[in-house]
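Chain nomenclature is as follows: A, B, C and D, assigned in order of appearance, with residue numbering initiated at 1 for each chain independently.
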Amino acid sequence: MSEANAQAIANQPLDGEPAARVLVAGATGFAGALAARLVWRHPRLQLVAVTSRSEAGQRLDDIYPRHRVPLELIELDLAQADEIDAAIVAYPHGAAAPVVAELRGLGAQVVDLSADFRLRDLPEYERWYGPHGEPELLEGAVYGLTELNRDAVRTAELIANPGCYPTCSLLALAPLAEAGLVEGVVIDAKSGVSGAGRGAGEAMHFSNVGENFKPYKVTGHRHTPEIRQELRGMGARGPVTFVPHLLPLDQGLLASCYVTLSRKVEPDELRALYEERYAGEPFIELADAPPTVLDVRETNVCRIQPVLADGGEQAIVFAAIDNLWKGAAGQAVQNLNLMLGLGETEGLL
Amino acid sequence: MSEANAQAIANQPLDGEPAARVLVAGATGFAGALAARLVWRHPRLQLVAVTSRSEAGQRLDDIYPRHRVPLELIELDLAQADEIDAAIVAYPHGAAAPVVAELRGLGAQVVDLSADFRLRDLPEYERWYGPHGEPELLEGAVYGLTELNRDAVRTAELIANPGCYPTCSLLALAPLAEAGLVEGVVIDAKSGVSGAGRGAGEAMHFSNVGENFKPYKVTGHRHTPEIRQELRGMGARGPVTFVPHLLPLDQGLLASCYVTLSRKVEPDELRALYEERYAGEPFIELADAPPTVLDVRETNVCRIQPVLADGGEQAIVFAAIDNLWKGAAGQAVQNLNLMLGLGETEGLL
Amino acid sequence: MSEANAQAIANQPLDGEPAARVLVAGATGFAGALAARLVWRHPRLQLVAVTSRSEAGQRLDDIYPRHRVPLELIELDLAQADEIDAAIVAYPHGAAAPVVAELRGLGAQVVDLSADFRLRDLPEYERWYGPHGEPELLEGAVYGLTELNRDAVRTAELIANPGCYPTCSLLALAPLAEAGLVEGVVIDAKSGVSGAGRGAGEAMHFSNVGENFKPYKVTGHRHTPEIRQELRGMGARGPVTFVPHLLPLDQGLLASCYVTLSRKVEPDELRALYEERYAGEPFIELADAPPTVLDVRETNVCRIQPVLADGGEQAIVFAAIDNLWKGAAGQAVQNLNLMLGLGETEGLL
Amino acid sequence: MSEANAQAIANQPLDGEPAARVLVAGATGFAGALAARLVWRHPRLQLVAVTSRSEAGQRLDDIYPRHRVPLELIELDLAQADEIDAAIVAYPHGAAAPVVAELRGLGAQVVDLSADFRLRDLPEYERWYGPHGEPELLEGAVYGLTELNRDAVRTAELIANPGCYPTCSLLALAPLAEAGLVEGVVIDAKSGVSGAGRGAGEAMHFSNVGENFKPYKVTGHRHTPEIRQELRGMGARGPVTFVPHLLPLDQGLLASCYVTLSRKVEPDELRALYEERYAGEPFIELADAPPTVLDVRETNVCRIQPVLADGGEQAIVFAAIDNLWKGAAGQAVQNLNLMLGLGETEGLL
């Protein structure tokens, strides 16, 4: 470790002894960089290294001044990983699995931001993402949608952190699906540009995206099987249609979910269903007006409004998150907090 | 008429004798101002007056430099309206009807941009908009969605120019609805800010709208009965759900329409349905990729892509327009061209 | 006080006993609302009331969900102000002075966000802002540009919190001005839309501001005398030209300052001048690359880069702040921290 | 030529016989694509080919649906160039010169959008851009800032089309410079993102540019020598400082020019200077209020407001253009019109 990094890490402000020493692998993408910032500012976690495959040697705060993480990026060197208690891995799909496997082999608790451990059905994974490098780890991975899976997260060693679209859609739909009320759903989802990642290239050029709006990957987005898997697991029936659209803004995701109900529902019942399901949840807000993406920007909150239509035969549920926070790095830290026995909201308020 | 206006009008560039002398009433709103520009630049129409209730005395090109209409706004004076052959009325709902009635009484052909003559069912109109001032004109009014109603438009004296959301949604759905294939539809629509009009106030303040996105008027937008009336008229069955959302951009509207089909449809059949229905249409583009709002910005084009989902049991149709052009002033000129026996695309390319 | 407010205030999370009970008067404007949020989340300050003249009775988190201040707005009632140790006043210019006077009369320490106590020359104030209601308070007011006036701030009872443009421009120029090097300066400044305030009306309609850019108040912006007063006080000579421009973004302000130097300066000297002047400053960042407004968004940081041009005869200094933070509410809390003997950065990181 | 292209070209709408057959070389960059659209819609020019080095085989209207040029891109084949009367070359700097030379060798009139023929001083060119491939053509090239050089443009065979920043800055400053009144100038210029070109990569990613603003290439932008050369040629004295900034919008450029005057000037004199200099200019607008970039978007207009400051010792001149129109492709067509003896505004209104 460089002298400068060692000194910066020693000066990292902490509340007493750190609960864990944390590595962020792949810290130059949008989600990885935010994860590094969240860990750096976390009162109980010590950020001990940020890695990059192509930008090692640069300082993270030169690439992202706004995150203010004063560490030099290094290449991932697992020989030194014995100093690590936990890791957030922000590698591309496919590239993540081998790194996760090695980190697990060294005993580190891992939150993986990629899709590599989200789909329990290996052939389904390989259909959407190609060959899987570490299929034997699939069984032990916990799908880290915290609010829907909190107990399993607490005892997990490997978290498959959910995709941004699934996080928002599933939080919107879980109360209805678990109650057996979903007979079919159309999810019309809209995401800001940061969801496409830093390396998105010309497609995300301002001139193509600004003042523009469009659907994309209309019948084949990779988050579709993830949404279906979880909705089925909660008891939803009928067709699941998911269409993503690209918004001319940076961070923010809103899902408009149109649910064909299995029976007529009254407004009071609908409201009660959501209030009970999410009672005491620190990061869920139920709103009386439509949520907006600015309401949740730079927060780990999911803000939800359920309403009825078609005389109670249809529910429309709107949910908004910040795709980089609750849809990626924020939820990763939320999960890490639980895995380490810390307060769930620490470092996230 | 002021000397300056008389001189400007005399210098208006035209191809020979004008086919009609046109008034734009209410020219300081977004749609009215664009209508004034389109008439001003039209090779066969002479713009003879632009009126405003609260900004008379100002020049239109001081309020909207980009439209470059060098006329002073005047108060509407129907005593002088015998010099007018046709009018585009861009008044608010409710305020339009009396002005339209007077202009009709003077023999002018009228395209009305308001909702006042769109709904054929008077009680339905009054439920959404309040008392109707001129119900006796309803019967003679023609719903001016040009592509769906061209023959009636040609002989109309009074056009109810469609709303922006109905224009886009109905063009997206007509081929399926007319073929009897629609058993229910969810229309998830997204519009730029200009659709809310110039007087929208704090709700459209940049700080509330920029980098933001949200649904609004979720279960009660006034375009809902207009969409339902026309879809039913085309033969659509089942529930019609319409939810508008507000995009952080100025001009542009995209509708994502999720159709429950009455029977399974094959891709070739779907494509053929749209190609046949819209063969030769100058302002309809069928696309192989999702349309974007930039594709149609500052044009009168509606760009459409139909696709199948759920194994052919569901159709998803995307359509994009510029809400101020095809969704308002552009379609108004398109209709006026037909009413006056001019080429449908004159002044619009 | 309502039961709900009392309960919310009792539940406000604090680190031990609060150092002061704080009122935010005028909490529904952009700066006042942010001030309320900063105080609400501050570990040592207890937010005891948020007031509004026209929106009393509403909850602040209904108007600004993203600030998450769960208090009902009340009308300002100074009869109850004995429970207040300090106040941040976010009233319009002219309206602030009387409220400040009353609060001071009750013994509260006050940070005033308006211009009412910034200009030491009464005639100059009245030329730009109209009659001054409380001129006798002018002498005791401290101009709260913290980095340039820290000692006076510590002992102040009334802070005139600087304008956003002056904050950014003066921090950019102070090292040169104090060194006697400024013989004239052009300040070409660009601000996001939030600087115009919530009540800005049609001028800040998204359709007028989005995808647009323009200079405004070209030869008569009210921040000009404030900038001149302070620059002269620091020793700057020669003409001071200040031109503001409006950026199509919400929060962020960047000043490009072109300084005619009184003598040729070398790069090392320039750099040293800034490093020495701002050594140890928690909210000043000196950058090697041009600062951007995103670098400082939602922070209290001023990020500065000085460079030389014209062979060392001219300095160009770029500075960026968030106009609502360092340019208004953030600096207000920074000042309040000092006035109360708290750590300068508490509640601001 | 492909059958499809031949047919499309034959169907291109024209007013009678074309005045010239025009090639657009490099039609997939932002400026080249707009040039192709302008020629395609031009009533007197026949677009006979659009070329691309890396995207030959694709249709231009698949890459840019909004430009609606229904031609397949081909590789440039000069063996077929005898069918060409004129060409607009939109290649990168350095790559343009050899192509221009070949086209000139075949007798085609050429408007070159690159910098290759803008700087009359070869060493200066090579300092900024590297080795020049065709220095012998420099002498015959005409700097195509139409309003300042109209007579030379009319008889030119090779036009060096000016850069976007120089176009805007020089039009703002010419009346003062030609009158011998400029003793020094600071040009603080701001451009939309499209100015950086289509291939700009990560720097123009929406997430880096949206809601952001920054200076760039602060002391070394390539347009600096071009601006200096022309200002000196017009008689300007003293230091010329030019700093570009990047706006979060697509098309639009505004220059704020701060001029140290050689003597005190009165408001009437200033106004008269501009009115006389630009009398009758079809694309220059003098405004009484600050110009905005929306005022000129998608037009070939330069909108200018000159004002006085510092008691008449300083002039501030604001000018706005659309960087892709008057700053590139629009001015190219304006020049081509003159070279071919057509009306200067044809195809540009």
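Keep in mind that, in the parts below, contacts are C-beta pairs under 8 Å (C-beta built on N, C-alpha and C of every residue); 3 or more make two chains touch, one makes a residue touch a chain.
Remember, predicted model here, so these are calculated numbers, not experimental data.
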Topological distance between chain B and chain D, in contact steps: 1
Shared chain contacts [chain B and chain C, defined touch]: A, D
Farthest chain (mean CA position) relative to chain A: D
Which of A-D and A-C has more C-beta pairs touching across its chains: A-D
Separation of mean Cα positions, chain B and chain A [Å, integer]: 41
Chain A-chain D separation of Cα centroids, rounded to whole Å: 46
Inter-centroid spacing, chain C versus chain A (mean Cα positions, whole Å): 36
Contacts with 2+ other chains: residues of chain A: 210-211, 248-250, 292, 294, 297
In the complex with chain D, residue positions of chain B that touch it: 41, 65-66, 210-211, 285, 287, 292, 294-299, 303, 349
Chain D contact footprint on chain C (complex, rising order): 186, 188, 190, 208, 210-216, 218-219, 239, 241, 243, 245, 247-250, 252, 254, 256, 258, 290-294, 297, 307-310, 313-314, 316, 318, 320
Contacting residues of chain A [partner chain D, same complex]: 30, 193-194, 198-202, 204-207, 209-211, 248-250
